[in-house]
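Listed next: structures, encoded as structure tokens.
Look at the two complexes coming up: chain A is in both, with chain B in one and chain C in the other.
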Partner chain A sequence: MVLVVILTMSEVEVAGYRGRLAEVLRRENVEVGDEVEVILPDGRRFAGRLMAKYENSPPDFISLKIRSGYNVGVHLPEGSRVIKLREGTAPAFRRPPPPVQDPSLPHVTIISTGGTIASRIDYGTGAVKPALSSEDLVSLIPEITDVAHINAEILFSIFSEDMTPEMWDTIAAKVNGLIKNGVDGVVITHGTDTMHYTAAALSFVLQNPPVPVVLVGAQRSSDRPSSDAATNLIAAVSIGARAPFGEVVLSMHEGHGDDLIVVHRGTRVKKMHTSSRDAFRSVNSAPLAYYRGGELILVERGLNPRGSDRYSFYPGFSDEAVLIKFFPPMKPDILEHYASKGVRGIIIEGTGLGHVSSSWIPTLRRIIRDGIFVGMTSQCVYGRVNMNVYSNGRRLLSIGVTPLDDMISEVALVKLMWVLRRASELDEVKGLMIRRIAGEMNDRSLPTRVSWIGD
Partner chain B sequence: MVLVVILTMSEVEVAGYRGRLAEVLRRENVEVGDEVEVILPDGRRFAGRLMAKYENSPPDFISLKIRSGYNVGVHLPEGSRVIKLREGTAPAFRRPPPPVQDPSLPHVTIISTGGTIASRIDYGTGAVKPALSSEDLVSLIPEITDVAHINAEILFSIFSEDMTPEMWDTIAAKVNGLIKNGVDGVVITHGTDTMHYTAAALSFVLQNPPVPVVLVGAQRSSDRPSSDAATNLIAAVSIGARAPFGEVVLSMHEGHGDDLIVVHRGTRVKKMHTSSRDAFRSVNSAPLAYYRGGELILVERGLNPRGSDRYSFYPGFSDEAVLIKFFPPMKPDILEHYASKGVRGIIIEGTGLGHVSSSWIPTLRRIIRDGIFVGMTSQCVYGRVNMNVYSNGRRLLSIGVTPLDDMISEVALVKLMWVLRRASELDEVKGLMIRRIAGEMNDRSLPTRVSWIGD
Partner chain C sequence: MGIDYRSLGLRVGLEVHRQLSTKSKLFCECPVEPSGSGREVTFVRELRPAQSELGEIDPATLFESQRARKFVYKGNTSDICLVEMDEEPPHPINEEAVEVALTVALLLNSEPVDELHVMRKVVIDGSNTSGFQRTCIVATGGSIRVGDRDIPIQAISLEEDSARIVETRAGEVVYDLQRLGIPLIEVSTAPEISTPEEAMKVAKSIGDLMRATGKVRRGIGSVRQDLNISIVGNCLVEVKGVQELELMPSIIDYEVRRMSMMRELSSLLRERGVTKDAIIMNDPVDLTDAFSNTGSRLVKTRLLSGDRVVGLRLPHLAGLLKSPDGGPIRLGREVAEYVRAWTGVEGVIHSDEVPGYGISQREVEEVRGLLNSSKDDAFVLVMGDAERARAALQRVRERLIGVIQGVIDETRAPLQDGTTQYARPRPSAARLYPETDIPPLVISREYLMGVRARLPRRFEEVIEELRSRYNLSGQLVAQLIDEDRVNEFEELVKLGIAPSFAASFLTEVLKELKRDGLDVDSVPFDEFLDFFRMVVNGETAKEAARDVVAYLARNRGSSAREAVVKLGYRAPRIEEVIAVIDALIDEYSRSGHRDVTGPVMGELMKRYRGKVDGAVLSRLVRERTK
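Showing the complex of A and B:
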């Protein structure tokens, strides 16, 4: 099932100017999106495109998008004037002629699912909305046709917080079809909010693919001077076209400069900053590779090689799994709530080495006896759960809670959704959850190769 | 109300050896805790104290605590022998004579609440249990009496995942009493799992205290060679005795060496690693200070000075607040579940800049209209929520979801528990939640001083 969600912004309260300022704007017949000049009582002038009011801006400020692309707030005291310079047009977007493509280059398909990398400012609300098609991106960033013959298509146009397991399956089926048709690489543009969840999902479905499957997003939209959209997309296409591995990876900006890109394993990556361009981090694992200026530096040995014949396609996710972040003094009734809703598996993001309040033990014991899988990860983010150290942890083990080693909580949830479609008995679920399937955990008997914050 | 919880481990299944190995041990009349020698068929010998079976160790391995203090697993093939060298005794703990204390030094009280810093291996289960009293610590670490005249008492002996808001209040009342009696500093030993939650709680209750209130723990128990218990406690006492500020802080090991200590603001710190000694990190804020070898280096200016007369005591927490970590495709019925349980405030740990699935909007709108506070933080951990950027975020703002800037999720939860005891109307709750009370958030109009992973 393909779900295409087009978000609309119709609430008038969002545009938001009220009172005196609204009157000034009405008098001059100015609307959001128009180019205006503001003249203050002291003679100073500001020109720009009128933006909608920011939710938290003071009542006598208006927002202008100035030439540089930045939005500024201008204080309009009594006696200020606003002059309309030009009627608001939909932001002029002249698509350059499509570049001539070279069919002898590796064939890469860009699948667009939405997000900042494919978004522009919505001049109705001042907010960013998914708008650009992948073909627009090809026209805007012709460099990508230097390294690959590009096909592009829009699969969804959604914010990634609206992503669902059905959509993961739709993306995976699309990629599987492309692989069967002999594509040389796949790039998936994605909103960054939940890109790491999707990366994990695709890693379990598309095992040992013969070509790179590269998820990529942007933290800054393409109309901002600091946008990382072009750099990230060029790198992703280049990796898709030429990387020597067949792996599901997430590739994004790294560090303080503008040109370094890091390639994370799809099951080992988490968004760790709300706004920084280098927001994605490999957790409990080194990145697989770095990319700069056309060059790929492999960090990880033993990757699945490009062209590998070990490829398997295992689609399907259950929606009967949930993630619970424990906090003191959280009550265990949440477990009963989920059990009553038919949930078959729960990931608990516990404290420290993998703990919850000892008041949870009776309820946990009961729901595990009833056949519900309960796996433990840590809200510390970094490190490995170890429930042998403290007697509370050992009690959790003794009633059947499964420690999930150094798996990221979000990845453990996605894996559980995938496992529950393949196993019905609790023992089977447990067996698959503690088996390394797509690089999502390190066996504790192996020497650990852990990089974490501060290293 | 003082709650003293003594955890007991009586389940025989925890000791855990079964089958052939259990028979060998029974035959030799060996019990957990005994000193034994193991002789393998090939003649190799290992000596140590018999530990209980690790939950996940293979069935023919036994665990020995060897002389160095480490636990090793030894494979016992058929034909191996186990000889009892010495009957197990409770680990010999001879308390040294209490050091002679100098009453002219600053008076510091150590309040023990449990955790690794006050724990030893339980030889019945091989697990770590809270056992040492603060007075034991004084005897074991006489260095602390060089910088302070120490009083010590046990308030609780619990694992910190069992901490409750009532216990936060008990600790705060205890500290308030000590402050009223003229103490020069307070040190609170605490399990590390939820020490940051307690640090936040005390920060809201004990505002601008005239003396340092220092939370401290250990990541490695004091019978391990790599234990950080002594170093951390010595530093905490020294900071309590002599630091020039009156603040609630959390002070722990830092970096790769053995002697650097970092002092975090109580509302700006999070446990970020399950087992590393430098597990605690200041988030969205620089640490307040560093400490090494008796020297304190202040990083932050403008701290509340020692002796300040601005001290206020605001005890009390509500248990009508919860924290929800969103995941795709989490259903909004969880909100209704909590509303039906009488919850008055919810912190949502959203994705990215502060988002949830757009399918949550109708339910969120309804519960907010019913007077439930909903605040937004980010599961990215680092960075600031900003719900003005994307139209999904603006819709959440328009229905009354409150963005909580750069507050840590756990701190936002604790603050909400505290606010709900002081405000009944939604507007009041909202007003207090967005007001900076104990350094828990940075006003976005101020230049931000943010250090995060990778800096």
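Showing the complex of A and C:
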């Protein structure tokens, strides 16, 4: 009986507050938004509206919004009193009325998967949280209905680091369905952290699509006036509605300003900055296009044209592939570990032109002989691996390590996951891995510091 | 013409903002003092309104959002980083700045908060790249004694300074990012100040108290005051960004007069039966045709550029738009300022000023006809493309309805002539929401005890101490403190220079030289010390100080010794001076003077001014005449 009481006590939670504070608030029937007066044992008094607890604030502090609109934290020692003065309204997001849509415009569907672009501040935890629906986005950024008739739906509401290969498939199946139903363009809002993995995954599944499939995100959450969500989304919808190509692309800010958006190929892009709006860069390739002042400027020729009849849909990923980054004193035990866990393919992010320590060679030889695929990319990020230049590289080649040309290591991993679902023999896997499938490799290396469009 | 402020129920609250001279900015490690030694960066942004956590949008934010504009930002990599560019989350709050704010709080007997929550105050005029200003309340309550009154303090906050406007172009504002992020302390008083003079004194006292921390920035723009002004029966007007203390009384006086006049106009309008409905019932009319043969150059130029003339009838308002006393306060100006702020349309012409601007009586008659307006009515004309002109007239209506209903809450900007102009609606509490990128900071009792132990002396205490120790006037001490020269003063006195001379040299003499255009700040203090050391050693005279400093300012890199020699202020050998004194005494005694001291001193000063200290000469003459 006593035990039961203790359990219920600890379960009491009011607006994120627990334990003694939650008890005090519950006794007074106080909820978030209510006007309260707090009387401390030393006689100090504070009046304000109760705000939800900050996640990392100490347990006996409450958060009050005082009359000026400021929040302050008040320490409530034992013996403090909380008096409810007036009932308030709990914070809620109020959506502006949605704009009137023009059905004669190209039809674009926005699929929301979560992330910063669809997030606002979570006043419960004080952190940024995915909370905006696609409909919210349409209401908040009505300009997108000037270029397209928008349908919007939420597929997931997750941070992109929680994305899985199954989810890539769910997204791909959704897009495939939309394509079959004759949509003119698809926009996928996505958390930026792993957006380039998803872009690569969709590129292998949705080959030569008849319409643009545009991944887009934001580096600043859409609850702030300076968010890049609006400019990015407007550009993505325009590309979805009007671009002359059918490709899986990722479009974000080119620089620090809101005036230029860049369109990257889904298999050629990498997140290169933790916070800046221009985090995404095309690697070992020119971007496909730019978007500026409502106009699309094509850089790349020979793209799969809009309306292409070569479209094919190849879903499915294996989770038996891993990516390893080599570092100087790293021992090869990790290879044994993965081999024992049933991994069928390993991408190594090696040094320079594609090397690992010579001490790795016996282990590598053994696991490759056992049928595990080992592909080599470079941690230099830019450039192509070439394992013929140094003897270490030549030895790696001779024991069966596969050089993966100028492929980005994350893209190589995603490709391997996709390949392992369709090939069982090592030679077959190898053959697919070095075959160009979705623009992920190129035989020609171009200089990296080139301005792809003039002013 | 004096106004009885008390009978009008004048209540003024102050917000004094002061930049801190901390090592780095409030939310990043960029320096507070710029060097401009890196690379220039430029980028273009847009801002959109955001909701508060209560789901409301602030009126001041809506005001800015309907003026769709682009913002061009410029900065130098030596002075700004990705934080100012809104490309990186803020770093944890600068603890040096928190300590200064807590110091000010304790000096004002304010109660520090237990936990500091940084908030985002939405500001989408572009002055903050993020679209909000980060700000937090550090303490509440307390008071400051001014004269015989204790003015209550409401809050002490710490916030980041905004970017500075460089240029406003059509649809575009250019900002310099250097200032963005400099810590600002804001002290706000309760609205209990009752006269314009008192407001100025309170602002000065708060400023002095902040300076006692030794961590405030000096110079143009380092202090800004906001005034909240109200009189009985009216709403609150906020005048933002007053930089000169001296301007404060005239601004408050202007606002009191303006509000009183608006109140009178309000009742006058109601007496004449002008209602909200009557204003709304009249629609804008396109009057362009009435001006097809106009002799007004103003109108003609606008028509040639494709603008329309659109007018609005204002029932029963005849004679009320002009100034009743020829002064600056008039309904016409109120309306024009409001229209300009909301729509950017310049020049609202009203019936009380035409014929005028080249507009003829006949045109006025025709306009009246087209607007169906009688002699009792007034009208306004605006020029612009049809849509903008109509939008402007909508704002005319809005302003007049505001006046009928009494003075409305608004933010106004100070002008150099001591008047103010409409800036935007007053922001509400809805524009504050939590800055989630910065975890709350607990202000522990132990930490506060440390701050309390390090409290600086109050300004008045420092003045009193220096005054009594050195027997100086309060004014001279205040000047030394004002110009941050107390330490230098004490060094000179330690050398053996008379306190009164040292004080007036460091304040008045240097100020005069500066006024003459000499860059005395570039002269290292060590050179001053060398010079005064020579004075003490009898190698030159203190009277040479002014010329020596002037020489050092003009000849950068030269030494005090060199200046003394070049200027011919090197003291002669003492034996030589004594010989001269003896000869003079002899000469004057022989010519029949009974007391030779006076004329001998006169001759000596002529010959040795700036070379030998007057006091030394006087002592020698006394000795030799004995």
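Quick note on the criterion: the second predicted complex is superposed on the first by the 351 of 455 C-alpha atoms of A that agree within 3 Å, B and C clash if a C-alpha of one lies under 4 Å from a C-alpha of the other, contacts with A are read in each partner's own complex, and residues count from 1 in each chain.
Methods note: a contact is a pair of C-beta atoms (placed from the backbone, for glycine too) under 8 Å apart; a residue touches a chain by one contact, two chains touch by 3 or more.
Everything quoted here is computed from the prediction, not taken from an experiment.
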Does the superposition put A:259 against chain B (first), chain C (second), both, or neither? second
Going by the touch definition up top, name the partner, chain B or chain C, that contacts more of chain A. B
Considering only touches as defined above, state whether A:359 meets chain B (first), chain C (second), both or neither. first
After the superposition on A, what does A:58 contact: first (chain B), second (chain C), both or neither? second
Partner chain in contact with A:413 - chain B first, chain C second, else both or neither: first
Once chain A of both complexes is superposed, is A:48 in touch with chain B (first), chain C (second), both, or neither? neither
Given the touch rule stated above, what does A:276 touch, chain B (first), chain C (second), both, or neither? both
Of the residues on chain A, which ones does chain B touch that chain C also touches? 54, 56, 122, 126-128, 255, 274-276
Seen from chain B, its contact residues with chain A in the complex are 5, 7, 9, 11, 13-14, 54-56, 122, 125-129, 159-165, 191-194, 197, 255, 271-276, 278-279, 281, 319, 322-330, 333-334, 337, 341, 349-359, 378-395, 397-398, 410, 413, 452-454
Hey, which residues of chain C end up touching chain A in the complex? 41, 43-56, 61, 82, 85-89, 111, 113-117, 119-122, 124, 129-132, 135-137, 140, 155, 157, 428-434, 436, 439-440, 442
Within their complex, state which residues of chain A touch chain C. 33, 44, 51, 54, 56-58, 61, 63, 65-75, 89, 91-94, 121-123, 126-128, 140, 219-220, 222-227, 230-231, 255-259, 274-277
